[in-house]
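Remarks on the structure that follows.
Labels run A, B, C, D and E following the written order; every chain starts at residue 1.
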């Protein structure tokens, strides 16, 4: 039996107004083992803490029960207090008589009675507490970045600059992400490629960075500081280290009718391809869905023309296993599919395009070599209609309830560029609101209107009907309270953006939580915006929420600094409340191992003393305390009761049950 | 009109239609999509706005309410699921009911009977117009 | 009937530390009332709840036992509540099979943000158990006063 | 059949394949066969019996036997092989110390049923196809073998041998619609009050002799929680109706998704409590809620309680299933 | 000797039950057990009850004393059941003999007052076995199922129940029942002869017990056959708990949350924690535990009790042992060793 001290906090009037704290202290003072019981206005104050410290020393207390606010609030505070008095911090238990008692009950006798019972339960538990010491786990000084867009690249570069090795895993054949497809950037109108490609090259050349392109993360196990990932390098049927990127194969390949995803299917590429000229790594990749050699075994042209001998039709997916201390998620976004928006005729007319497609049509490296031409007939368009908020701010199921944030600005950019390059065009922008919070953003939008004469119309497009080579646009002009009709040559839809489809499975793999829109949730929306609630997982870029490039880069840097802060530590303190196997009772049945989410349980054959001085060899479980996170799943899976959880042991919980049900 | 009466009327419209006009983000897609736009004095987006503001009387006096085709295009395309067509229908009903007179009396029915008119139409018309 | 009105059931609530215990705290912070006969035991995860604990509670005089955890998919330990879900489903089914009132046991997923749901759930559960009356079918007479 | 098995046992011993043979040994009567280890031809010839009374499941003995030096041959009936597999899965048997001879079985008889049939003072039984000829203190009588069969054999789940090194006799099949859940379904259809009365009647008979646990191939803990004073639920006697419920619920829960439904618990219960109905309830629920699962059928599939899917039903499913709520 | 036509049996039961609590062997839950008599209850058709009659004098569990705990205050609480007079009808000769064995244990110094009270309260009416089972071997212990003993012995012959008082208590009981009429003592002669004819044929009735005495104690103890005999024993308590003579119990405390109930409950020497002490246990494997049980019944007990065996041949363990190991097999195997 422990010598227990009970401290009842008034929390000003928060507790004392509904709980008779004196009566609680008096009642608990009569409990077996309690040698000291008192109450005080604010136990968490310095004076309150001193009181606890002095009582521990004076009464030689072995356990402390504090009846106060939630343990989520001040458990750490009081543990530290106990530690200062020379008591093991885990000999402190909190009875939550504020959030779970005084604040929910109005009647004083009822609340007081409940507070006494909660106090008794805590006393019953403390009697069975044992001193616990937190172990340490080493930190693997390497980071993994999932996603090789601008967010991933920037994070990797910043971490690498601090001297830590980083691996980037990118599922596409090249890093660069969405930004590679963008022509110009707002509000400066500088060329996206011009600012991105140097960063891509820098990442490729940085000694601390390894790039796994055309690869995916297959599985992640472990925990903060000690993740273990398996990376699948998909077979590209080209030896990456041998290919020189000369591109001869991509010219000779007879399979010419493959939709070019880099240009969003606006033109075609070959079955063997390099996505674009500045790709990193600049190596060819064979598309197994179109390659006749891979499909039917007949062809082999690329292998014949490749002077480097880089083609390998027999290549298999390769798996790389690596340990990491931290993981950054930078999985980015995609525009939503518009096939359910019949009113805009996106599926009916090639001249109705998304803004990202429009980027390619304006880009010098795009399908039209930078000249704006109508996809349907290659004619120069004269009337362009931009529609904003397509799928954004929608509560219908085909849309997204959030604002995609970047559309107002890129639409202004597109409109402005059209008018600049082709002054003969009429450009209409239909908007609900124009949102321009950002440095030089509103000025940029105003320039589109004032300098470039873009027609901004407050209202929405109701329908687009392709008719006689024109797109009949019917829309409302809310300011003039009119319905207007425009015969447009092209309609450009500002499609909402959504997290990449791989995000959900990655979140599950990393045990990181997501919101209903599949954006990763941050540990705290204001104070910890670049960390996931799961320790060791960090968020960079649009995977956390819609962002433009400067914001993405800023968040990427912030995530990197958090990673650097983690990797700079040699050890992390472990949670001492972990599972423990009693080898004498374990029968080695593996039930616990099957339910452990962390793989913290291993088995070994050990010799034990048997009856009559014999030795018995038995298979028994042991828990790696650095890996165990203390969920307790094993304790219930174990039929023998050989598994127990420190700090939440079976006997402790049963003692609490007994005290409550008395 | 008295303020109280106004509030009551607004509540009635909301109750009949089941529409919450506050969901509207004033994008105007309803009006953009409306095939009867030119025939109406108040356009669908204004309907939502006026109901929200409680100015039902204006709507009730409007001729335009009878020009709505009830094609439900606005309802279909509204990004916020406000359903303006239902508001219009509700205003129509309110007009009919407020006039306090039966547009159709039981004794009138025999005269109206037409061999080509489905009985169901009469029953439903009676149900709708006879308070 | 009057006795029944005065009957205040003893309810044990096992709450996982990360979601439901925080949800219970939040209902306190928001001053949302629920009856004082609900007493909460903090466990790291709903998967820590051993059927033994539930039976023990009934033995010692509990009239209802509720287990609260993170919503499936949101478990702090990734999978804990999935195991808890299967275990509790089978256990409750077995208790029902033995003729013990189903209403005395319950599992509810309450997130840290669902203070209102926590209070509402507890109110509802207390009401259900109050209607069922005293736990007679899993009682241990030795533990009665 | 018995002769084939005895010859096989002798052959395995004499050709050095094994050092010991695990089988059934003759007793005072025709029916009281005891599991025993044989080490010589003489012992086997004298005492080895395989008959319709060789009901005892020998798999659990292999937990101890396989840990001894040398190799042991075990004769396992189809349902015993499921237990054997499950024990292998849980690393309880050292496979390379065991030579399993699978033997066909067409249903074991239960002496209790013969007595209940009205036979008193039975001195001998002779099987003639589907009939049993009994010699009793009070004269001869005959009965159908089917009437003497154990409940678990009447609704046998499988006559298939799922693990063996060699076999004797024809291997059978898994039996679909064995009807083994009929009684569970019948209980489920009752009102809670009726069910409660049923189980109180049954469980109150319990004398806590622990035979069900000690014979159970799924109960191979080094120390059972009910024997471990530190578990907080250790108890020696059925002191109170709660203790009986607690013991049987927890025991059934501990073997849930590991129990192969071998039926030994009910066979050995001196108080004739239908304990298999508890285990089968779990099996039936698992089959219905999480998909068909037969423990011991293979070595790979995860037991359903150590597994999950994200789409699993919620525990509230219980409120909608089963008998009506009173 | 008294007699009664069997058709009036229920009237007899009712008359007994009117005076004091009456227990009769009846069927419940598919098996026979001694149950408090209620109107219309019928005698079981089974030869004997699944559990023995010792339950009525030495129940599986009983409270010894209680403690109330209030804070740090502890008060003692008397929980003893004062009991009331009762009659148990239909005890077989074997179970009747078991009371003699239990008496030697519980009524010798120090006297077990709980048992003593119940023995004093109880009147035993035995019933001769007209249809013994093949598992019966009471004859081996000199028990005559045709002369079942007890306070009152009863026989059923044809349509008549005969009753004969053996003790004063029995005399009192019979004389209080006006239903009964007097008859000649020789009336049961025929039925006794019939019973003897059957017992002659019982396969185990002549179990040879020579050599089971103190002189051969070490020989039996060191018999190598124990390993073989015990190897299939599961270590359950079935044999112990159905046995009419097993008398070991454990004393335990149950924490009720607001106090402690100290109770005793049957224990089994087959259990691994039987007589567990701080240093561990004297009988580390099942072999030692198994040996203990049979040595006690066949050797230790007779050595200390004028040659009376601790077994009455009721045959319950033969019928109930999960693996069909039993005292007959043990006695035969050990007997070979001393021949």
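Just so it is clear, a residue touches a chain if its C-beta (ideal position, glycine included) is under 8 Å from a C-beta of that chain, and two chains touch if they have at least 3 such contacts.
Only a predicted model underlies this, so the values are computations on that prediction, with no experimental measurement involved.
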item: Co-neighbours of chain D and chain B - touch as defined; value: A
item: Chain at the geometric heart of the assembly (C-alpha centres); value: C
item: Identity of the chain that, by mean CA position, is farthest from chain B; value: E
item: Between A-C and A-E, the pair with more C-beta contacts; value: A-C
item: Chain centre separation in whole Å, for chain E relative to chain B (CA means); value: 91
item: Computed distance of Cα centres, chain E from chain D, in Å; value: 30
item: Mean-CA-position distance for chain C and chain B (Å); value: 50
item: Intercentroid distance (Cα basis), chain D paired with chain C, Å; value: 36
item: Sites on chain D at which at least two other chains make contact; value: 225, 231-232, 239, 305-307
item: Multi-partner residues of chain B (each touching 2 or more other chains); value: none
item: Residue numbers of chain E (touch at least two other chains); value: 254, 257-258
item: Pairwise chain contacts, counting only pairs that touch as defined; value: A-B, A-C, A-D, A-E, C-D, C-E, D-E
item: Contacting residues of chain A [partner chain D, same complex]; value: 584-591, 594-595, 603, 616-619, 637, 639-642, 650-651, 654
item: Contact footprint of chain B on chain A as seen in their complex; value: 343, 389, 393-396, 399, 432, 458-463, 474-478, 481, 483
item: Residue numbers on chain E that touch chain D, as the complex places them; value: 28-31, 47, 50-51, 60-61, 131-135, 198, 201-204, 228, 231-232, 234-238, 240-242, 250, 252, 254, 263, 265-268, 271-273, 318-326, 328-329
item: Contact set on chain E toward chain A in their complex; value: 69, 71-72, 255, 257-258, 284-285
item: Contacting residues of chain A [partner chain E, same complex]; value: 30-32, 611-612, 658-659, 661-662
